[in-house]
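First the structure, which I've put down as structure tokens, then a few questions once you've had a look.
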């Protein structure tokens, strides 16, 4: 049974998740799990010749961690039925090994669907590093439980 | 030095990546790496009571694997400078443990940027399972190297 | 800043954590991380000749997961300063690959310490499987933040 | 067939296990496997403001590694039937990333059980770091094979 | 200080290591760590059309596990200075997910080197599955400590 | 269907794979997966007293990564039927954590077999670090598809 529902989240509601340091272990494990060994993430010698000078975390890893951090925050209270997709995903700045990221979330859209027991919402995730620079932004689309009528 | 460039990929160009079976190991390792332990992925007893009857792979895992499979295909030949973001990401059908996914990619947009040595392209990724059902679709935005003038 | 304090948890307070299915991946990854390759966990042929007939999860893995599940529940609200240790840990029944475990926690002891800003508590963790059998029990000792006086 | 038995280990018998360096990889993999993302282990920025200044290894990780190191030492010779539990577990000092730990083990209790083919023993595990500081101590309770009568 | 030396191992000396079941987790983690996603190991649909019908473990994974199992056996007692290489490595039969392998080792060559404190030996590793079929064989070349003269 | 065949690779053909930085994560994950916790790879304090001063990557890890890098290069085009084994494997220099390795491959032997649709080849793998020092060399034996006659 959900503890929270579509009705409990209004447009403009915001919260911040826990923060996590992105380590070399995250990057190497990510590469292995998702099969992405692009030299910008895996080859120190190559990276030394780029403007970044060092290996960068994979952009999709930051997306994956942001999604997990949102769950860790335990704010949604079981209200989610399903993840419908994402939109407007922009990688704004590189994340380096050792950076610490957090996720500031805001409800930006709320809509009824045709069904009485389901509602739709869009939550905007903004990922910041330890210097308060926004490194990534995207919108998450969720189908949510509606509060049962009494 | 790139072997391929923005000029080498025209709108309408398509290719298919290798296929990978999504295993319980992928799901459990993903959960740990991205901190997403939602019961739909991690709790067999909970899942037995859902319409799906069993644990589903995390949607963002399918995104991550699709990105990696695109790299495995070795088609882009070092043409990419950076991943700019993604758009129109839709989770269309659940992926169950044991399903085998592949990624059919099509160049759908191509644009000059202000800079002579860089171009922009959008590649659409369509992820299919072993029954040829499309399970996910999204557009990837890339900044790419342009062929140096002689 | 903690959101909860030693004062917020009274003896007798109970809560239950999320549930997690213990998979072969958990067992193999645990073995590698903690260097414990005892045949009862790693050798199907050996296990087939034991009364259990199949591989069992490492007992300390269940302890580790129980500690993590307690954190996932997000009940303690940052009240913990440090884990002091554990006591009365008893492995009561084997956990097999595929079992789903949950953790029912009760505050069983609460004590002032010499310091005004710190308190001590003992929380009893009882781990149950999907058949509601208690598989493990132990007491966790915590040093906790006390509510600042105004 | 065991090579050693309850009879082969007397109270006062001691041995030391191999040593292992606790790395960032151990900490990040542990967090993912046991779902414990407490900031003291995962958030460099948070840790910089604590008295420890840096991320600490999870206490239960030290317990898990100590158990594995005991097995690596190959002293018990298959004498163990089952792990019954643990007692008097105390975390005495923090373990930082890069510390190297070893386990000094002593048989501290030995008891017959009602059964002729089984005996009970308590082994005390003391975990030391590279500066010979004891960081953790606990008692492990084992059910062991007794030597078959001829 | 080594407990055993070049002098302690004679040609013809044999021992058997512990056994380990090769799981899907081993195969998926191996693929990620070594970047080997060949469809014979990762794609169930592809494998269903091969004579093997199912995914096979990577051959080099069996080599890696055999080396580790030799260490687990704790027979060499610190006698090894360095691994010089390997020879005559033959993959004789496929290893499927769920097979349990063991390693039977024999000292097959022993030679002095120019140095008084070092000796050379070749150990032959034969890997068997649970049906006692040899699946792999290879020779390991070691530089070993010689017993100090008194 | 293979895109390349035994006929497409002549003795003397050479290519170079992508490069990968060998990280602490590779070493710790390798140790866990293959059960090889030899102190030269896992114990910083022990290593400080060796001529190497620091932890070395496991030799077989370099072999495993070299095999994977060969696959990443996507040169063989599905021509391989099976890996038959390896020969003349020599560890020539230590690989330290942080070194970046690449694999230069040369076809050194080509032979018909009794079967019209299969051929045999030996490919020599030479692994180099970022200082262009050869750290490992070995010969890989492959059974390959022959081009179907028309």
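Order of writing sets the labels: A, B, C, D, E and F. Residues in every chain begin at 1.
Throughout what follows, a contact is a pair of C-beta atoms (placed from the backbone, for glycine too) under 8 Å apart; a residue touches a chain by one contact, two chains touch by 3 or more.
Keep in mind it's a predicted model, so treat the numbers as computed, not measured.
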Labels of chains that are neighbours to chain B and to chain F: A, C, D, E
Interchain contact steps from chain D to chain F (minimum; 1 if touching): 1
Comparison of E-F and A-F by number of C-beta pairs in contact, larger one: E-F
Most remote chain, CA-based centroid, reference being chain A: E
Centroid-based (C-alpha) most distant chain relative to chain B: D
Separation of mean Cα positions, chain D and chain A [Å, integer]: 37
Distance between the centres, which are taken as Cα means, of chain E and chain A, whole angstrom: 43
Where chain A and chain C are represented by their mean Cα positions, the distance between them in whole Å: 28
Sites on chain B at which at least two other chains make contact: 20, 24-26, 29, 33, 35, 37, 72
List of chain B residues in touch with chain C within their complex: 24-25, 28-29, 37, 39, 42-46, 55
Chain B contact footprint on chain C (complex, rising order): 18-21, 23-26, 29, 72, 98, 100, 130
Chain F residues touching chain C - in the complex, by the definition given at the top: 29, 31-33, 35, 37
Residue ranges of chain F in contact with chain E within the complex: 20, 26, 29-30, 33-38, 58-61, 63-65, 67-69, 71-72, 80, 82-91, 138
